[in-house]
Every structure is written in C-alpha cells, then in structure tokens.
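Both complexes shown next keep chain A, but they swap its partner, so chain B is in the first and chain C is in the second.
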Partner chain A sequence: MSGWPLWEVFVRSSRGLSHVHAGSLHAPDAAMALRNARDLYTRRNEGVSIWVVPADAIAASDPDAKGSFFESPQGKDYRHATYYTQSEGVKHL
Partner chain B sequence: MSESATRITPGNALRPEDIADRVHDGTAKPSDEVAEYALWLGDDALILAQRLGHWISRAPELEEDVALGNIALDQLGHARSFLSYAGGAWGKSEDDLAYFRDEPQFRSAHLVEQPNGDFAVTIARQFVLSHYQFELYRRLLDSADPMLAAIAAKAVKEVDYHRDHSSQWMLRLALGTDESRRRVEAAVKLIWPYLAELFEDHPLVDALPGIAVRPSELRPAFDAVTGAVLAEAQLEIPSVPSASGGGRNGRHSEHLGYLLAEMQVLARQHPGASW
Partner chain C sequence: MDDTAGQANFDALMAADSRVEPRDWMPEAYRRTLVRQISQHAHSEIIGMQPEANWITRAPSLRRKAILMAKVQDEAGHGLYLYSAAETLGTPRDEMMEALIAGKARYSSIFNYPAVSWADMGAIGWLVDGAAICNQVPLCRASYGPYARAMVRICKEESFHQRQGFEILLELSRGSAVQKQMAQDAVNRWYAPSLMMFGPPDDDSPNSLQSMAWNIKRFSNDELRSRFVGMMVEQVEVLGLTLPDDQIRFNEETKKWEHGPLDWNEFKDVLAGHGPCNAQRLERRRSAHDDGAWVREAAAAYAAKQQAAVAA
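Right after this comes the complex of A and B.
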C-alpha cells in the first residue's frame, strides 16, 4: 500500500484537443505527481500537456444510481436534432 | 492520420541504429582521440544505467521504479549512441565495446560505479551526475564534431529532466522528515569526494580543441546551479577530501569489476548471440 495520496491524470495529446483521463498514480505532492505522470503516461509520445488532480477532489456520480441518473433520456428522441423533419422550402439547416 | 488521445508517434530523433549505419557506411568515422572521448561519455552513461536498473522493483514506490527506470533507459540510449560512434574508429560495435572490454579499458568516472546505497545515495549521485552531464552536453552542442553535437542535442533534453528529478528529490529528502534529512546529509558526504574527478582536465581534451568540452570549464556553472538547490534544501556542501579518481585512464575502484561481471556474463557465455 502506498502512503502517498492518489492523483488522477489527464493528458492532452495535441493542440485543439481536450485533456482526456489517462489513469491515476501516487505522488507525495502536485509537483511530483506531474513528473510521475510524465514518466507513466507520456512515455510513447502521447502528450503535450498534463493535468493532475487529487483524486479526493473529484466528486463522482453514484454508480448504483444508474437508473435515475442516466436512463431518463431514453425514449426522448425529441432531444436529438435528427428527430425533427426539415420544413419545406428551407434550403440550408 | 487520425488524432486521438492514444496517438503514438516515435518522432524523428537520432537513434543509435542510425549512428551505427553511418559508421558502417563510412559517412561518420571518428579519429582515435574523438573515439576515446566518446568512450568517456558513453561509459559514464552505460555504467550509470546499469546501476540504476538495479532499482527496478526496489524503489520506495512503483511510480519511482518507473521514474528511475526511464532515466536508466535514457542513459542507456546515450551510451549506445556514444559507443556506436566510438566503435567506428576500431571496427567495433556497441556490443563489442559494452560486453567485451575489461575493467582497465573502461573510461567512466568513479562516481557512476559507486553502489546505489539507499534511495538518498542514489539521488545524491543522480544530482551530481545529471547536473554535470547537462552542463557538458549543453556545451557539446557547439562541438566541431557533428556527430558528438547531434548526440548531445538529443541527450541534453533528457538530462535536463534527470536534473529536475534529482533536484526535486534533494529538496524533499532534505526538507522532509528527520530520517530523510539524516539520510540525505550522509549521502551528500558519501558522494561529494567523487565530484572533483568529473571536472579534472586531461591531455585528451587538449588534443581535441573545439571538439571536446574542457571539464574544468563546467565547474562554475555546476557550482552555481547545484549550490542554489543545496541552499534551498538547507544542505551544507561538505568539506571532504577528493577520491583518487583515474577513471578516464582506466583506473577504477573495487566496485566496477563486480558490476561488469554481472553486466557482461550473458554476452560472454553466448558470444554472438542476438536477442
């Protein structure tokens, strides 16, 4: 077991893309977490930018609350643009 | 090509294989003196890589295992480049030089063959060597020998990270707990005697004006940069006598023989094997 706190790592692969969660690691502080992230998650030329966030600073949705949280949009096709038919005479939409 | 978070590109940096090809086809051929100088740099990196590799699975944390492993592999890459180039003078490959030379033929400084000790000793050794290598490679960029300059151009970026890694740890060990401070103070005392050899001038450097970097010229910059970190870490520079040195002439401490025995045994038992 590591005595160091857990950090979540986000890596951006190039300009214009957003940071993507890459994994987690242990480090004594933020500066070392960035360096460990560099060593663990950018060894194969994957990144141009790294964020590290203390894992306990992330508030996560409850995995058991799947139904009430995530199933409500099902069947609500009208929330998608493709639900609507193009009106007659509209050339560009 | 599609862009994604897992996009993988090897880049186009100079590889040891490229150097071996150029040595082979005769487009890069060092003089005996240049090759000897390349052995200084290559052997420092090779012996250090062998020492650092021993930390795999033994570092204080998994993350530090990977960090030290990365640094070892960077150093091994530099060693392969320098040795591939040096071998061009004598028709030898990097493997010939790494595995089939005996102790007196190695040109590494005594610092790199010093045992790993505890984590603090390894960090103190890293601290000295990475700052020395950074100052050296930074100046080698301007070498009149284009291959040495090209190898330095790749190595200097990697060594810049090594010195950051070791500096960060010097600060944390020194300003951490009573135990970590006690250990890093002892480590600095143990490592500092091997510092002088790195900055000693040598007739070989006189024979390579504009090509080799004069070791004594690195000392002021080394002292300034490491001094600032040590001051922040509230560590005193110990007044300890210098060790005998002599690595550049093939005189080594008792540690190198054991290290080479372990490093070379497989290649010597199966000469010519490839893997």
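Right after this comes the complex of A and C.
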C-alpha cells in the first residue's frame, strides 16, 4: 500500500442516474483502483458503472471563500419559479 | 482563515448541528479526537475479522460458509471506509496501519476473546454486531461529514450481520439439547463483554462530555448500554435462551433498563493487552501484512512499468 495514490470513487447506481461520490481508496493504478472499487463499494449491486479519479486531479473551491465565491445567486430570487406569484391559479404555468 | 475566524465558524457549525468537512478549519483537539476514534474504529473492524474467519473453514454447511465469508468481507470493507475517513483528517493510512501492527493502537477489547465453538458465530453476530449497531446508528449523525457518511454505509450492512447471528442461535436453540446448551454457553460467554463494548460507565468516561459537545457522540455510554439491554431482553425470549444476568430490570422511575455489575477491571486489563487473544490477534495481523508484501510490490512494479510504457 505504501505510497499508492488515493483515488476517489464515483458509482452510478442505475442507468439514467449520475455517478455519485461513494468514497475513496488506495491503488497502484487505474485498473486496480476499479477492481478494488468494485469489491469495496458494490458488494450488493449498488452500481452499474464506476469512475475512479486520482484524488490529486480534483480541483476544489476554497472552503473559506464561501461568501465571495457563491454569493452571486443571493438576492436573485427571480431565478426561481416561486418568485412569480401573480400567475398563481393559472393552469399549466 | 485565521484561528479566531476559524473557531467562530466552527462554533457556528456546532450550534447549528451542521457538518464539518475535511477542508474546514477545526480545533486541533477535535481533529486529534476524531483521528483517534475513527482509526480505533477501523482497527476494530480489521481485527474483528479474525474470531469469525477462524470458523469459515469449519462452517457446518456451504450456505453458512458463504454467509460467514460475506460478513467477514463486509468487516474488511468497514475498516477501509473508516481508514478513508480518518485519512481526510491528514493522517496517512500507512501510519495508522503501522501503529496497529506495532501494537501502539487500540481496538475494541471484545475481539481479544476467543470464539471457541460454532455457536459463538451466532452470539457474536447477535450480541457483538448488535451492540456495534446500537453504538453506530447515532454516529451516522456525527458532526464530521466523512465519518458520518462512512457510518451510514456501515449501518446499512450491519443489520444482516446481526440477523445471521440470531438465526444461527435460533437454529441451535431449536435443535438437540446439546445444541441448545452450546447456544446458551455462547450467549453466556459474550453477554458481559458485549455490554462492555459501550465503554466505561459515564462517571468514569472522561472524554465523553467533550465528544458530546462536539456532536460526535450523541448519547452517553450508559444510555446506549441500557437501550441495548432492553432490546436483548426481548430478543432472547424469541431465542428460547436466557441472559446470564439475574439483575436485569426495567426501572420504572428512570424508564431505563438496568443490569448487573460488570467487571471493569477485566475490561481495562484486556484493553491494556492482557486479554486471552491480544498477542495472537496482533501476530496474525502482522503476518497477514508481511505475507501480502509481495502482492503489493508486484502491483506497484506493474503500475510503474505501465506508466513507463505510456510515457515512452
């Protein structure tokens, strides 16, 4: 295990759904990572497809920059259908 | 984020009963507590495979053998989920594994008791996995996200473990007089150690309060133990067996189940390394690790060769 890279595992639970993060594991290469992921995260038919991604290939937003990074949708309620109340009661709208 | 802002952010997450994620600022003591708890938990799953693996080749039927293998494989999986969770706190996996092999890490004292008969497979599934479930369900809401998520996955898998154990005991209990006695003996052996899995009594559990303040622990050791006793009292009747404790009673005033005294000196002794199987368990883990070295080396060599071929 020594020095083996860390892989993040994503599993698609059935056709038509997205791959969802299931966890992580260590493996020397992608082929082994896939096999280990199958044994570790799909022992009960939890998936029909697996992605493994080297953990260091993932770029993540800075958790401390929550405010500035995500603030733009705030105050923009008009992006939600619920903002428009005058059409209440009108069918198929 | 500086420490003052970080602490304020952390306190707000605690107050809102929200989750802490790996890249959030967190107090050093919180991080240390989690690494210790999660890695000990992982070690317990890994060492916990041994008492049962011991019976795989001697399972009484092919069906039982397949079930037991699936359960032991699950426990390996649980260990790996938990090592992953601990790793997100910045402690490399190798470091945790080496601590275990070097005898420097703790794991649940229960796995230092021997599984002497097939009926122990029943008692372990019913009582030991049962107690583990009781402990682990509230941990699905632990404040540290990766730990809570690992626990959700684990809890989903645990209920099969308890049921298969219950079934083993039930079948023995409905069998011959000798088989029934075997089941009863196994329950007698595992009852007290399984109650001690919840940890020392509340007045002797110094770290519990802090863990509760950090929303890691949701209920005290005694509270969980009492709940567990209540569940076992009901289930043991279905089994047609008895619990080896004549002081079990439901306290109408406190609305809690009470049990007879437990030997906490024994608990401390086993935890300190003097249980019947401590040395054997560590030795087995060590040799499994050493015996697997060539596989790890071959896999690494193959990966390096493939990479070189791609680069060329």
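Simple rule for what comes next: the second predicted complex is superposed on the first by the 82 of 93 C-alpha atoms of A that agree within 3 Å, B and C clash if a C-alpha of one lies under 4 Å from a C-alpha of the other, contacts with A are read in each partner's own complex, and residues count from 1 in each chain.
Keep this in mind: a contact is a pair of C-beta atoms (placed from the backbone, for glycine too) under 8 Å apart; a residue touches a chain by one contact, two chains touch by 3 or more.
Since this is a predicted model, take the numbers as computed values, not measurements.
Colleague: Based on the shared chain A superposition, would you classify chain B and chain C as clashing or fitting together?
Modeller: By the criteria stated at the top, chain C and chain B clash after superposition.
Colleague: In the overlay, answer first, second, both or neither for which of chain B and chain C A:L17 touches.
Modeller: Once the two structures are laid over each other on A, A:L17 reaches chain B alone.
Colleague: Tell me the contact category for A:R43 with respect to chain B and chain C: first, second, both or neither.
Modeller: A:R43: touches chain B and chain C.
Colleague: Touching A:R35, do we find chain B (first), chain C (second), both, or neither?
Modeller: The first partner, chain B, only.
Colleague: A:H26 in the overlay: touching chain B, chain C, both, or neither? Say first, second, both or neither.
Modeller: both
Colleague: Name the stretch of chain C, from among 97-105, 115-123, 151-159 or 187-195, that runs into chain B once the two structures are superposed.
Modeller: 115-123
Colleague: Following superposition on chain A, which residues of chain A contact chain B and also contact chain C?
Modeller: Correct list for chain A: 2, 4, 25-29, 32, 39-40, 43-44.
Colleague: Could you pull out which chain A residues touch chain B in their complex?
Modeller: Within the complex, chain A touches chain B at residues 2, 4, 11, 13-14, 17, 20, 22, 25-29, 31-32, 35-36, 38-40, 43-46.
Colleague: Going by the contact rule at the top, pick out the chain C residues touching chain A in the complex.
Modeller: By the definition above, chain C touches chain A via 1, 21, 23-25, 70, 73-74, 77, 80-81, 84, 87, 93-94, 97, 149-150, 153, 157, 296, 299-300, 302-303, 306-307.
Colleague: Quick one: which bits of chain B touch chain A in the complex? Just the residue numbers, please.
Modeller: It is residues 3-11, 61-64, 66-67, 70, 161, 164-165, 168, 172 of chain B that touch chain A.
Colleague: Which residues, counting only chain A, touch chain C once they are in their complex?
Modeller: Interface residues on chain A, with respect to chain C: 1-4, 6, 23-29, 32, 39-40, 43-44, 60, 62-64.
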